[in-house]
Structure formats: C-alpha cells, structure tokens
Amino acid sequence: MDKHSLVIIGGGPAGMAAAVEARKNGIDDIVIYERDDRLGGILNQCIHNGFGLHTFKEELTGPEYAGRFIEQTEQLGIHFETGSMVLSVSRDKEITVVSRDKGLKTVKADAVILAMGCRERPHGALNIPGMRPQGIYTAGTAQKMVNCEGWVPGKEVVILGSGDIGLIMARRMTLEGAHVKLVAELMPYSGGLKRNIVQCLDDYGIPLKLSHTVTDIKGKRKLEGVTIAEVDKTGAPIPGTEEYYPCDTLLLSCGLIPENELSLGAGVSINGATNGPIVDDRLETDVDGVFACGNVLHVHDLVDFVSEESGRAGRNAAEYIKNGGKKENAPQKISVSPGDGVRYTVPSTIDTANVSENVHLRFRVRDVYKGCSIVVSSGERELLRKKKKIMVPSEMEDVILKKDILSDAQDITVTITGGGV
Amino acid sequence: MDNRIYDAAVIGGGVIGCAAARELSRYKLDVVVLERESDVCEGTSKANSAIIHAGFDAMPGTLKARFNVEGNKMMDSVSKELDIPFTRNGAMVVCWKESELETLEKLYERGLQNGVEGLRILKGDEARELEPSLSPQVYAALYAPTSGIVCPFEMTIAFAENACANGAQFELMTEVTAIKREDDIFVISTTKGEFRARVVLNCAGVYADAVHNMVETPDFSITARKGEYMLLDKSAGSTVSATIFQVPSEMGKGVLVSPTVHGNLIVGPTAKDIGDKEDISTTRAGLDAVKSVSARSVSGVPYNKVITSFSGLRATGSTGDFIIRDCGCFIDAAGIESPGLSSAPAIAVYLTQLVCERLHPEKKQDFDPIRKGIPKLAQLGYDERERLIKERPDYGQIVCRCEQISEGEILDSIRRPLGATTLDGVKRRVRAGMGRCQAGFCSPRVIELLAQELDIPLWEVKKNG
Amino acid sequence: MKRNMICIGCPMGCELTVEVENGQAVSVSGNNCAVGKRYAETEVSAPTRMVTSTAIAENGVPVPVKTKSPVPKDKIFDVVAAIKAAKVSLPVSIGDVVIENAAETGVSIVATKRVF
C-alpha cells in the first residue's frame, strides 16, 4: 500500500489552501484527490466577481481566485490527482480512491484533511407539493450549465430561496436574456449577502418577496408555472395569498449541506447544527489526525474565510505530522458552546494546553440583531465583547481570541446581548 | 404504415406488458409492444411501493390471490434469470388493540388458504424484538417471511430487455388511438401509424378501460387511485428491516414503511381516487398524512432525511379483482392494481397461455431467459471493480457521486438495446441522480453524455417523456 | 436630498446615507472605509458596475470573462451583447484581452480562466 504524509480530499479552495500551508510548513509528501477534471472546485463555475478582497486585497472572479491557488499549488510542486473520487476513508486513515487512469487503489496517510465542500439542498428534500417536471434545477446546477456548458436552461424564471447562488443566478440569467420574475424567500430575511440583493436584484428590477414560498408546481413533462404564497411565522402558507406565475424554469437556492458521507465513514462525529464535523481549535476532528476545513466543516459565505481557515488546517496538520501525532502538553480541552442568539460555533472545543495560534471563533446568529454585542465568556469572566451594528443569520461572524487569554480559560460560551431584534 | 401482421400486439410497456412480451417471446410469435411514452416503465410501474407481496391480503379464489402467490414464488428464479435485485425481507402487518387481533387472524387464515408459507402472529414485544423501531403502541403483528422488495424500474426494464433480446419489437412514442376488427385481424391506429395483429393484449394500466372500449362492449371502468410517497436517504434505510404494514382500521388503510432494495427507506402511500389520469402531483395534505399515519406503526422515521416525494396512480378496476380474460383474441389485463407488481410474472404466463390457445405457436429452441444487467460497481468488491476498470477505464470515472455511478455504467444504460434516451431513463436504469443530491451534481454531465450518444444538442436532452 | 444605499464594495454591505446636491454627493455617512465613500459618490453621479459573463470560444466552449474595470451601469447590456458577438481564439490565459473597447466604453474584456 502506498503511504503519504498528508492526503487532502478535495481540490477546491479549501483543499488547495490547506495543501499550500502544509507544504510551506515542511510537509513534502502531500497528495490532493479531486473528483472533477481540474482543480478549483465550485469556484470554476462562479464566474462573477467579489472574491479575494481579504486574501489578495483585490476583487477577483471565482476562476481567477482559484487560479491564484492553482498557481501556488503547481509552483510548490504539490502532487494532485484529478478525476479521482475518494470512495472511503477509514478511522486508521486508509483512503480508497478510484479514477479512470489509475483504477482503484488504497493509500495510507499520516494525516487527512477533509475538504469535500457541500451540496445544494435538492427539490425533493423541500417537500414542495405538485408535479416534478423538467425545468426545476438547483441554482448551482443551472450555474454550471450556463457558465461551464454554455447553455441557458430557460427563459421565464422564478427563483425560490435567496441564497447567494440564487441571487447571482438571477442576474446571470437576466444577462443571458431570460426574464426573472421574482425571488421568493421563505424566511423574513434574505439568505444572501446584502450587496448581492443590490447588484443582482435591485439593479435589474427583480422583486424579492420575503416570507413567501412555492406551494404548487404545474406541468407534467415541462414546467408550466408555480404558485407562490405568503407564509405565516411558522412557515405555513396563508390561504388566499396564492399567486400563479407562469414559468419554464424554477431555480432553487434553499441552502447548502456539508458533504460528510466520507467523514461519517471514518467515524467522525458531526455537529447537528452545522452538519459538519465537530472540531477543536486546530480543526482536528474527534478522529485522531483527521482535520476538516471549508464548506465541509460549515457553510461559508466568503471564500476568503475558507482559505484562511483551511490554511490553519494545513498548518496544524503539518505540525501533527512532524510531531508524530503527539501533543506538546497533556491536552486540556474546554468546550465552546453557542449561547443566546447563537446557532453554532466552530470550533466546538479548545485544547488550552496546546493552543498554537490565535483562535478564530466562527459562528452564525439565530435572527437579525441590530446594535447588539457579541460576548465571549468563560465562566464569570468576559474574554471578549464586540459591538456590532447589525448581525444576520446569512452572514458568518468571526471573532479572534488571543492565544494568551486562553491559557487559563474554562468552558466558553458565545452569546448575543443588548440591542433589539 | 406497417403492413406486417403481428401475431400479438401488447398495448402498454409497463411491468405487465413487458413481462407478457418476454413470456410470448418464448414462442415463435411476432410480438410488438406499443408504448405511448419514450421509455418503458413510465406509468404505474414506475411509482409504487416496490413490494413483492406474500399474498395474504387478497380474498381466496380471486385472481389477485392466485397470481400474487404464484408470482411471489416465481421471483427467485425471475430475479436470477434477469439479474435484478430482489430480497425477501419479510413483512409485518401491525395492529394496536386487542380488538384488531381478529383482523390479523382473518388475514392469517386467508394467507393459509391462498397458500402463503411461514405466516406467524407475533405479540407486540416479539415483533419489537425483530423490529426495534416499531411503535410501543403496537399490540401484535402478522409476520410474513416470504414478502420481498424489488426495484420496479429494473424489473420492468429487465423484462423488456430480455423480450427484446428474444425478438419482441418495441415501438415507443406510439400511442394507440383506435382499434378496428377487420375479419381475423385487428387494425390498431396509433400516433405512429397503423399496426396489424392477430391477438391484442390490453395492458394499458389506468387507460385499460379506454383501450377495451375501442373494440369491445364497455363492461368495466378503471379509476386512478393516487398514492403519495416519500423516499428517504440511505442513512435512514435501516430504520426497519421488514416491510411494515398497518392493519386496516377505522383510521383508514394505513401506510407502509419499508426499506427499498437499494437501501433507502420508503413511506406511503396515501389512497385517493382522482378524475385526472395524468395527475401525479403530490399534495401538502397527502405528504402530511404520510408522516402522521406512519408514526402509528414506526417511531422515529427521520423525515429531515427525505430526498424526494412522488405519487403514483394505481389502476383500480370496478370489479374489485384483476380483469384478465380473453374476449375473442382481444385479451384484457386490466385493473392491475396492488398486488400487480408481485403478480406480474404469473400474469404474464397466464396471458401467454391465452395467446397460445388462440395461435398454437411452437416453442423457440433458441429462447434465452438470461439477461445480464449493467455491472453495479458500487456493490462490487474492490478486486472485482479493479478488474472491470482495467477492462473499461470509464468504469473508473465516477459521475454520480452520491450513488457512486460511473461514466461507463451511464454509457451502458444509453447504448443497450432499448437504452435510455432521457435523464429519467438513465436514472431508472443505473440510479445516476437517485441519491441524496437528486442529480444536482451529475445531471450536467449525464446531459452531456446523452447528447453525445444520441447526437443531439444539450438543450434537447429531456428529463422525461 | 438624502439617498440611502447599500455599499457593494465588499461583502460587508455597509448601509450608506448620501447627501446629494445637483447630482453630486456632498457628504457620505455609514461607510467604514474609503471604498464606501467612493462607491456612494459614483453611484449618485454616474453609477458603474463590473460585468462578468462568458464568451464563446471557436470550439464552442464557454470562456469566462469580465470587464477590466467597471463600466457605466446603463451600458451593461451593450457590453454583454459585445461579449456574445465575439469568438475567442484558444488558448487563452487569465487576463488575456478578448475584446478591446467593448461597446465603446473604453473598457476591455479579459478572460478570467485558462482555457485551452
């Protein structure tokens, strides 16, 4: 069986950033397995701009952002295999991978980084009543058709869900000559970034209907139209508010799900709120030497955050490999828990005896909060307080806990206090 | 116009029509199957519970009882010959009160009379020992070990492929619009011209009454009875191991909870008679009912793991039984509702007998009952897979990541005789797009492969129909 | 006249208030950086946008492209039409100019992905 120091599963932005940092931190024997026929992951189809302001201090398109990392990966001589689908990862870090050229093989790794990304919540999982005709696509699938295959799946479009990909596709379909009739969002707030509402919907006069959903789908073979209705606070449609929209295309942008089937197979525990692995401050899962980063860990809004996080995973994996899996000090794990107003936190634990660098605490709030503060507390002690003008569930929060304040910290809770909803 | 005179024209490419075509192809007969859709298995056969029933439900002496029990017994050899998945996972009919025990005993007695083997009545705790997810409210259960699960797509397609390999002709996109008797010949008008045949088999599902009435005196009708289902992710597939039915009660006929032969979990169906024979929509009320009614028998079905919901139409005949008879070279196979899938192999044999009584054909010496399925790489051991990929490198290129279906399998599904021409056709043959992402990732590539193989532009590739 | 707008300069989405006189911004508030101020000033006088799209290569493959710098907002559809009319010769690298002076905006269209 072939052996490698580090196997990275996924050659998107997370996998490449992890590989680059691991290499820079002294790991020579790295292999990235990528199922697509080129590196870059989902960025290859995200041809719009808005990437890279944090990482490169300039605004890039998705393929350009990916291109920067592909260049680094190649320059550093990091080995990658495309068209290679990992079928399983075991608890003792044996990875089985299949490809056209190399067939089926199993390799053993000292450390593994999970960077498989996420998938879109499909039509079937939404339980929308009605027919199941041709013309219903997740926004990302439509994005791939338009941007990578060069054809537009329809002319009269309704979009359900205001996730960023849905908003981006509203503009993209409009520029390709389609008529986007509206974006309906089940929640009372948008699922995407504010600037995408401005530059993708407002610029083109596309209405956004909050607290609305699709209640019926018409058309046996081909989509003929959808019924949209307003929903009450529980998300149930309000009778009498139904409106019928003839259309040939329904795009769905109703959430992303981290793709953790391989992680589960390796015995990694999953956080019910993120649907991603439970990790410590080093982004190590509860399976020794298996790390996770990027959208497989929790769904990000910004690729810049993915790169930063994945770089840390790469550095920590490098340290793990160099130390033969041993920690410097006896581990002292404290928990990090979401308190009032917080849906989840990443990481879930911190090993205070072995903190390697400042800890990024990332989380999402439960609701819209204006003029509130983020409070990070350890027992009675307040470790950090940060005032925010506005916080929304669709935008990930990021606070940094300095290494030195963590040395004697106890279990940590993150809460939102003050202000109003 | 086709001037040929076929010995037998089968109207309808569902499981009954395809199974009948295969049985007929054992004989020296010119057989044509006329199907209105672009693929076989497009009606009732594609959307049902996928159960091979044991046969205790139907009243003794009925055609349903006879063909169900016979069909069930044939499934071991049929599944082997046709290389299709079939598992005898057993079934339980559960009840909640002592007063309902009587109904279970009645089913038990019926089962014995129908010739069902291995039936037992279990106390609630005994049943829960076998099926820990059964609701604590379950009082007793009738256990039927011979009940099984099957893939209805693969079963129907396999019958069709094997019929095709043995000489039966399939005419797709061919909708029958009228039938005339001219002397000893039937002239069948279709959207693709006229077909002539000595014998006609009416296997037209929910439209069997309309087809019958084209040439015979109307004496029955078919109502479309809609059933809504939910299909759950494979991670929920082991919630139960047997198929769990509910005893009919004042609460209605109940719904079943069952693993599928591919390891998913299926829950449903509802039952509602509808006027529109094309209406396969799901409804909020229907899906809600599936959830709430299933909870009476099985606790903790993880409904957050639903990957799709769908509905199917049962062809419910007005007589209450299957209507299978020879009206003078015009042979009805109508009202084939549940247990139609289970009965299909036996109905096919019987229909063929009826044809033989009319035409007295010779047996074919070279009939080959064996159909080899497309290799299912995800289910093979690593050594076997490696060997196949060496032979065919495209078996190493995974296209559908959720179900781990390779490009090679997808190409096979398109290139075979009666191959797939639509996304749904590929899905029903090799399960690409059947997994948890529901074709989100793989459909652009499958569309490309279909376009390339069929030599059409990408945008002309259809999902269905 | 006061105008409220959301800055699209970065994903923060700052809510800006702009005091406008004669089509020019006289004061901007709510911004957290210079990008916000600049955005508000152009947005009230002569709004511009980056345009991204795909051009078609000789062999029919789509090539992702963008405007090298923002173009006037009312020229977006003209720019897209110019992109659709072009035929890109391969190979192209990131940054290669595909169209010069698209739709008379003075802005060129560049490839954003390596295609060969």
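Details
By written order: A, B and C. Residues from 1 in each chain.
Criterion: a contact is a pair of C-beta atoms (placed from the backbone, for glycine too) under 8 Å apart; a residue touches a chain by one contact, two chains touch by 3 or more.
If you're wondering where the values come from, they're calculated on a predicted model, not measured in any experiment.
Among the chains in view, A has its Cα centre nearest the centre of the complete protein Cα set.
Relative to the C-alpha centre of chain B, the farthest chain centre belongs to C.
Contact tally for A-B versus A-C: the pair with more C-beta pairs in contact is A-B.
The mean-CA centres of chain B and chain C are about 55 angstrom from one another, to the nearest whole unit.
Chain A and chain B have centres, each the mean of its CA atoms, that are 39 Å apart. Chain C has its Cα centroid 26 Å from the Cα centroid of chain A. Each of the following residues of chain A touches two or more other chains: 148-149.
Those residues of chain A that touch chain C in the complex are listed here as 44, 47-50, 53, 59-61, 63-64, 67, 146-150, 175, 193-195, 197-199, 203, 301-302, 390, 395.
Chain A contributes residues 35, 83, 85, 87, 96, 98-104, 106, 119-120, 122-125, 127, 129-135, 137-138, 140-141, 144-145, 148-149, 151, 153, 215-217, 220-221, 237, 261, 264 to its touches with chain B in the complex. On the side of chain B, the complex with chain A involves touching residues 230-231, 235, 278, 280-284, 286-287, 306-310, 382, 385-386, 389-390, 393-394, 396-398, 401-402, 404, 407, 436-441, 443-444, 447-448, 457-459, 462-465.
Of all the residues in chain C, the ones that touch chain A in their complex are 5-11, 13, 15, 49-54, 56, 60-62, 64, 66, 73, 76-77, 80, 94, 112-114.
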